[in-house]
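Okay, got some structures for you below.
Presented sequentially are two complexes of subunit A, the first with subunit B as partner and the second with subunit C.
For the complex of A and B:
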């Protein structure tokens, strides 16, 4: 009995080592594209999947909004630091809490003050770190006091320091958590979609299509990559908008392959499980294996950075993923597809 | 005529319901020989779901696989559809060896499982069209729309499949099965869960499809349905076809007046699939083999 399904392979169904001979024919690529599109459309119409993919980005955006709101509220405190006694009364009359210090400029630059007034020669200088209505109000008071025309000069904002050494652990942790989250999504979506298709009869109908069986697995992997990849990238960009992530593209790279390989693990372990085993058994198995591999990558980065999924763990320990994970991932996807090809699944 | 298990009559799939040999000129759409398949069951050991099945179905014929639950009907259809691989035996579909070339065989058949198997989030038109596009059918969209129109599902073409009634789902499933115009249809419990009206509609559809020259194999445990629909019936029990022929021939051979009585008479001694702890025995009684002998 042959285990190869390809009609073009009537004469050569097994390789030299008795492994199934799976060759790619143009019509198979067309079938792969069609089946991938079908799975992508179905996943994107699944409310649960879309919500799961959207919430890391939305949560980050919400946290940004809350942070901004808190900052605005905090900066609405009408405090001003001065060194010149002549400006104290007019500012107090305008409802400012005025603190007289020796060097208001230093206070401002240290970040201890939002507004400060000091004298340079015969000129008064108003320094602010934040625009807002209170700064404009202070400027108005000083302009009336000196009876001079002047211009408020707001310095250009500082460039974001992506290479800020102090922030590296924090940004790395944030990016890693998002990538880890998408890896878990991959496992759950990969295993869940196959389980659902099997229990609803969709898989049985699909397998009766006149296409080689490996296409069904390959299409699932392609669909997972197409759905998880963009969602992960957008989420990381949102986090990056909040806090510049050190080695952003490395995290994207390692996270993308971890998510897709996590999904592949979900597919393969669900496919290998007997259908009567239900959903939770293969799912917990896939989750355990994924987390185990990530942990191994963390503890053994010298090896882990060359392997997808493990490379996410290696990234946590500061070792960027190697480009070698691309061919390794393709090889794993091919092995999974061939394994799927050999199974009966119904 | 050869007899199996005492007085139980056996009819060869290579003979028609009058017992005469079928002429060689008739197109054989499906031929199986000595087909066998078993499964490992945790509590029961190895269960032989199909044992030495030999069968022939011709073009334009509606063949009914009638049997109690667990008789092996679904496994048989899955073997025909190449979803399962036989442990022994041969399956030929429209001249293609289904074991050696399952993809080629699948291109000549459509398998409709007992469960609707429709993706809930897609609409009928998308489902049927995608099946066509995956198979490289030219102008799959137009063909899908035509099929849905023909099967009376056009008004629901853009409704999500999850919102369709069971009867409408059956129509969509049939449309999907027909997108590549297969000459052989395998229908597993096609009226399962349908009300009287829906059942009648589906049976009419199946008759129409056979009228176009397709061979149709229907599995069912509903006597009336099989009696009304099928030109030939194979009664399955314990993984074997224990009798085969037209309703009239089954009634006369069992000395009963109703198909239900004939069915009970034929299946009561073969209620459960055979068990075995090792490989299935080669000398397992096969009706057609015995008949041939």
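For the complex of A and C:
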């Protein structure tokens, strides 16, 4: 055992506040790895954590799939209501399902149809509530039928690449929501796991181990990164599979650091709180602070993109996170570990 | 014997006072109020940009008479030949969204026509025999009160977690249950405390919204307490058996928004058919009233009645279950079946889901469909993640005790034999009972392709994706699920995952692989399925019923292997 690992020795070298001073020794890394693995296994055995990991990706993907199915089924329904029998055959030839009714205009205004054709004097009128490709196709048929002055030809749509800038606002929002959910769950998992360990006495027995105190906090942060990171990446891949996300890896990068820092925030605020304050107070504080930082990042992306958590907000406003968030995140983790090291945690 | 009344107002109020005093005193109360003010007051006070008061009219300056008159519309860029009659409205450009050809008639090629382009085209001379009219159906957008209602509910996460799970954790629930109050008074008092406080907070924000002119007063003010009351009752029911505050705060946070959103979507979906019935949907109807989307008298009455019934029913059920002792620290009902269900859903979403874009009219979204190879990689990763979670949660499975007999046939030979026969059957056959929608057909085809990938020789990346897909399937179904639910159940579940419309088309093959895994472990099934994919990638194999027949031969061989390895049951021995 090294001198730094010896609790008596560590106790002898107390800081100015009467609490042990931080000593980092290379052999502590082994303890850090072992403790991180133990916390990862414990986290994954908790139903709360497993559901939190599965929920964002599953919920987002399922919602997207259902929304897309309903929208596509509704928008690609080739139904048209008409009152003039002369337009029935040409429209049927263009693969429309034609229904002849007395007042197609009323059907359209009632919201029961998206397109309807009726005659006003010598003029044929096509009423539409949705200008999709099927409406243009109907217009093209009817303009040809009436020998109009100008005719419409609807060419095949241009090919879209998967990594499409055009879809960026929608896909960015989806990716951001997944990352935001992971950040919020990171806060809950970080604060909740420490609260549970503290109230059940597990933390007390952990702190009795002959390892420096900072390792306990560092191991929690490493474990949060190991648990939240892969889950976030798989979730974003799942969403990307359904609808291609523009600059997927940028979202993964910003989301990963936001989730880990959210968890770190939960750990530090729970560690700083008195145990009699319960769980709700530090949790709501951590949630507020994390949401506030994300909002600040959205409001001021020029600064936010260089700081973890805030960079998620700046990603929402279209500014990718800078690589500087990596050293900043490591620095924050170190500060949190040192702060943990100096606390009695009662 | 006199029967004790279910609810006594005095005691109900006492419980409510106890609840509020417990959680709303000292610094925590100040902090909660601070958080509420920080969230709700801006939500009520900040006006929506589009309903800001109009800007003052600009100062009118006497202009030069030559500059008077409507400005000339800007010219529209177009490709092709612009007719003389439209020369003052269009200009030629190298790149444009519109293409013009001919003169009588003028042919316009465009995917989309803007109103400006239409207006310009309508300036052409000649009789007008056709017209397109765009109708904007009247629709209402949700008011700011929707945000206020949601924020008011989100503030209740902590208090709800303390209300019942906190009492259970502190062992004070037993004390309350033995006090001279009924279950109804206990749960009703707690409900009243948090409904009243959240409603009060929401009303403050609503008053600010009305005062600032962000939203006009209306029936939505009645919707706020209705929604908050329903949500608090539902939240209390969610945490009724949880005995720690962490689990108690996570459950409402996760379930409540989804339940409210789903009920609101259901209500909106049926509002076209019956507006009154839509308002009566619990949680959803009151939420849409609070959002100022429903406001007819019939809807308000229906929502009030249904909310009262819903709250009474939910609180009664919650009160009856307070005595239950089978509580959980964090609801851990994720057994193997639940995990498999989630894994199958993820597999369908990742591999089959992208096919939904194939239903787009005119193939607009066709190129958005993620290639199957890419989906195989993601699907495999999702399955491996589920398997890992299961393995970490339940690492020590009791090993299956087998009565093995000695035999001289090497396992690799038997595995290769089954794999070779499966390979001869070709990729999974399409044996669907009836044709369905093109998009569903596409999804089913993607699922079949990912089950037994035939892209091994396309590229190195495609091969890696195929290996990941097979690895994910085998680790989950032949490894994790088989050791927990049995190899036959696992085999059937694999068929449901890879061929949901016609599970029988993969059943014999799945049972063959399951039997191999049962004999030699999941690595044997992995090897066999990988060899099967390699053969399928080479283009060898059959289709349809012939494929199924060959799968049956593989099953017969695998059954024989099972017998050889396990030994013959004693009752069959002579």
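To be clear about the criterion, the second predicted complex is superposed on the first by the 220 of 346 C-alpha atoms of A that agree within 3 Å, B and C clash if a C-alpha of one lies under 4 Å from a C-alpha of the other, contacts with A are read in each partner's own complex, and residues count from 1 in each chain.
Everything below uses one rule, namely that a contact is a pair of C-beta atoms (placed from the backbone, for glycine too) under 8 Å apart; a residue touches a chain by one contact, two chains touch by 3 or more.
Computed from a prediction, not measured in an experiment: that's the story for all the values here.
**Q** According to the contact criterion defined above, which of subunit B and subunit C contacts more residues of subunit A?
**A** Looking at subunit B versus subunit C, the one contacting more residues of subunit A is C.
**Q** Let me test your reading of the model: by the given contact rule, A:279 touches which partner, first (subunit B), second (subunit C), both or neither?
**A** A:279: touches subunit C, not subunit B.
**Q** Between subunit B (first) and subunit C (second), which, if any, makes contact with A:111: first, second, both or neither?
**A** second
**Q** For A:45, is the partner it touches subunit B (first), subunit C (second), both, or none of the two (neither)?
**A** Both: A:45 reaches subunit B and subunit C.
**Q** Quick one: classify A:201 as touching subunit B (first), subunit C (second), both or neither.
**A** first
**Q** Return first, second, both or neither, reflecting whether A:312 touches subunit B, subunit C, both chains, or no partner chain.
**A** neither
**Q** Considering only the touch criterion stated at the top, classify A:212 as touching first (subunit B), second (subunit C), both, or neither.
**A** It touches subunit B, and subunit C stays clear.
**Q** Where on subunit A do the contacts from subunit B and from subunit C line up?
**A** Residues 41, 45-46, which sit in both footprints.
**Q** Applying the document's contact rule, which stretches of subunit C touch subunit A when the two form their complex?
**A** 28, 31-32, 35, 38, 104-113, 121, 124-137, 157-159, 161-162, 166, 169, 244-247, 249-250, 253-254, 258, 272, 328, 330-334, 342, 345-346, 349-350, 353-354, 356-357, 359-365, 367-368, 370, 374-375, 378, 381-382, 385, 388-389, 392-393, 439
**Q** Spell out the residues on subunit B that touch subunit A in their complex, using ranges where they run on.
**A** Those in contact with subunit A are residues 78, 81-86, 99-104, 106-107, 109-122, 126, 130-131, 133-136, 173, 176, 180.
**Q** Per the contact definition, I'd like the list of subunit A residues that touch subunit C in the complex.
**A** Residue list for subunit A touching subunit C: 41, 44-48, 50-55, 57-59, 61-62, 65, 68-69, 72-73, 75-76, 78, 108-109, 111, 122-129, 131-134, 136-137, 139, 142-143, 146-162, 164, 167, 188, 192-193, 195-196, 199, 230-231, 234, 237-238, 240-244, 277-281, 283-285, 288.
**Q** In the complex, go through subunit A and note every residue touching subunit B.
**A** 1-3, 5-7, 10, 13, 27, 30-31, 34-35, 37-38, 41-42, 45-46, 197, 200-212, 344-346
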